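Two complexes, one shared chain (subunit A), two partners (subunit B, subunit C).
And now, the complex of A and B:
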């Protein structure tokens, strides 16, 4: 994968995405009632590293999330996981619109 | 039988010895030896209660020699010498027999043979004690003056604290200005104070003191004398030699930043810097970071460059340089403070922002730094492609997936290496560890002392440290030097070599063998003989086998004692 700082900027502009404190422990993934393997550990890692394609490619998982916050309640680093998923949805919507306009 | 009254204490070490050696049998066999009038077994000979019992036995039976069969002499010689002294016995009439490291721990598989060996070891200890003589410590005067070598942050701080105690200080610095590495650095963790300001404040205070003399561009060229009264010669920039008499020497010669080899993680490429180079760049740049006229939008840091390397040949850099993780995390927060939009990627092996410095790591994370983990076997690469820097890493936090970063700047987080100080090492006769740094006597309990009494090692001359740790050791050396010099005298161990003038014919072999320069040629009647300078002698005995006339021996370890020990060890065998 290639780090895309431009994508990092657009995540920042999206406002809410903040997984800086994620230490990649995987508690979230283990607890996910939907068993979404990608969520949220690897997804956030890809987002933090600016991997545009991988994040956009996970739209299925991003929109499947129940926002139940089971992961968030148990996150040892205090990451606001549900907010992050929401903000990724915003980014994905934006990208989709961008494509439509183009 | 020599008519001595020797007591023997056999220690079980709470099973460490008695699980593998029949301590009761060892005691019973010891009791059969000619000069032994008292024997006992103790569960822990070093415990207060056991020591008290032994003291009582020494007094009641009027013992004139005591043998404790326990652990390595390295551990408890001082303990039991002090015990002997409290019992009114000369401390050099005490012998320690190593029944643990050299017997029970070494032969856990064979109790009978271990017991047999233990009996022989104890017999040897008894034989040595039968020939022991009371020895007196040597009291020598100390001068209330100190030499501090190196005017970096540790040397400056040592000098000021020695001065506070009323000890005059000669502070010599090889460079033409004081301050060492710290002066060149900008903001330092953890309190954002600039290195230059710290140094300037210390230098100003040094100049205000009447009892500190600062010599710049000056090097040590010779050291002789002994603890409490060293004679040193230093070479001034004019080439003149200056003689100084000092009671103690503080070595604060610092470190050198590791310089990567050309091509190591792309070092030498445009845009690849080391940590100190980035620190200097930041200190010189008032606003957001600019490198060679180009604004810096993204940085990749590669950690552990030159530190924690696999051990191979020569000098080993297997150590962690301690300060770099904290320094880099802190630097990342400084960069973020100048421009929050800068993307920062940290390529690390393990983050070691230990203790209170963990807060710096958290601040870096919150500032948006992303940490990617590489393994020792699979290092990141740095190359220039299509006019830009490209860093590739297999990120262990992504199960080893390759991540490609195109940063404006690559910073190699270089560690500390020992200074090339061969002349100084030779002149001071100080031991160097396998890592190339000066070595302390005891890693925990005597962290600033060296095998040369009165010579202390502080700061990064001893090993990697941050500023706070360097200053802590600097002040530790001041407490040691102060205790030595302000008392006015020092008592030295009498276990030193001695020449029998009737046998010596002066051939000089002992002088050549002595690593401490402790043997002089003197006139004795109409001939020349060797004489030991007892305060320089360490009693390590290199001179003894060198003497063709057996005229020299070490007190407490005389030829007769060693021979009798060998006889006792081989009693039934021979």
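And now, the complex of A and C:
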């Protein structure tokens, strides 16, 4: 695993990334209409650890999230899951050449 | 393999940046619903459609076509399509919908205008300046495109001296009320959904409907904007008894719509599960969002009837076009 210390910083710029509060209980995955297993628990851990490669490799899960907040309505830690996912999208789009800009 | 994410998003982002709208919609088509309604131009209070009802059939059509690319080798062509789309607008080829469908959707805007008029609420309309609210760009994380577009909306509202906005769908409500003010600190207009405006006004019931149905709450109204009591109060007064599903209100289950562009088959799976939940409560289903309506209707069997809440409200509060 390659740790990229600037990665978390770039996530914060993308939005409100507050995944640190997650206590890994699994409620979100159990409720998710898509059964997203990697999101938010594992993926958020990778992000918090600065494991850029692992996060970038999960773009399918990141872009399939419905931002429906069913997970969030039941998260005991009050994580803003949907906004965290959106922050990851902002970062991923920045990585894809020319998508966010002209 | 989904539809190629970056190329598809790139196309939509390019459209919004260059053409002011994510999907092809001529200004004439966007305003056509106002025909014969004599809605004044501008004013301090405007009905803001954000073009969602006008665009929903095109999104639906595009989903059908994109679904064919899912997992196909033709996916590779998308990078090329995006580059071409910058020069010539290609999206109309992907997003062509039928005239009848477009009319069915924009008739809901006419319902809403009639409801507000019947309740004695004065409002204007911005016509060619009634811009798309940019929800897709924001949700997909195209923040540069989204912020540039939000500034256009801000400029338009300022130029017309708009103080209050009445919205007609959850996504535009959320963008104008919660998302844009956070991104652009000087953005200050009062934003209310027509359901909130009507519930506050409590107009007289002209015809009690005396029927039952179930309600599909949109995730955005339910969990982003807290618009839950208002549609229920209006339906109850109008004589509609709701058989609620277990997953309703703050626990509503998504229609699958947000995934429809990039993951059409997963989106359809979610929609089918939702329709089954609703049907078990009552085969007559009420929605309050053009995207929910389109996505659930796409998979519903003929014995499930899905209609927009304005179809019911107009019958109860503003029957028969004068």
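Assorted remarks:
In this section, the second predicted complex is superposed on the first by the 95 of 102 C-alpha atoms of A that agree within 3 Å, B and C clash if a C-alpha of one lies under 4 Å from a C-alpha of the other, contacts with A are read in each partner's own complex, and residues count from 1 in each chain.
Please note the rule applied: a contact is a pair of C-beta atoms (placed from the backbone, for glycine too) under 8 Å apart; a residue touches a chain by one contact, two chains touch by 3 or more.
From a predicted model like this one, the values you see are computed outputs, not experimental measurements.
In this overlay on subunit A, subunit B fits alongside subunit C without clashing. When the two complexes are overlaid on their common chain A, residue A:93 makes contact with subunit C while staying clear of subunit B. Touch criterion met: A:48 reaches subunit B, while subunit C stays clear of it.
When the two structures are aligned on the shared chain, A:72 is found in touch with subunit C, with no touch to subunit B. More subunit A residues lie in contact with C than with the other chain of the pair subunit B and subunit C. By the touch criterion defined above, A:34 reaches subunit C but does not reach subunit B. Using the contact criterion defined above for the overlaid structures, shared-chain residue A:60 touches subunit C, although it does not reach subunit B. Remark: in the superposition on chain A the angle formed at subunit A by the CA centres of subunit B and subunit C amounts to 130 degrees, rounded in steps of 10.
In the superposition on chain A, contact is made by A:24 with subunit B only, not with subunit C. Taking all C-alpha atoms of subunit B against all those of subunit C in the superposed arrangement, the shortest distance found is 21 Å.
The residues of subunit A shared by its contacts with subunit B and with subunit C come to none at all.
The touching residues of subunit A, counted against subunit C in their complex, run 14, 33-34, 59-60, 63-70, 72-73, 86-93, 96, 98-102.
Partner subunit A is touched in their complex by these residues of subunit B: 297-298, 341, 343, 345, 362, 365-370, 372, 395, 397-398, 401-406. Interface residues of subunit C facing subunit A in the complex, by the touch rule stated above, are 2, 5-6, 9-10, 13, 17, 138-145, 219, 223-224, 250-254, 256-259, 262-263, 266, 270, 273. Residues 1-3, 5, 8-9, 20-21, 24, 42, 45-46, 48-49 of subunit A are the ones touching subunit B in the complex.
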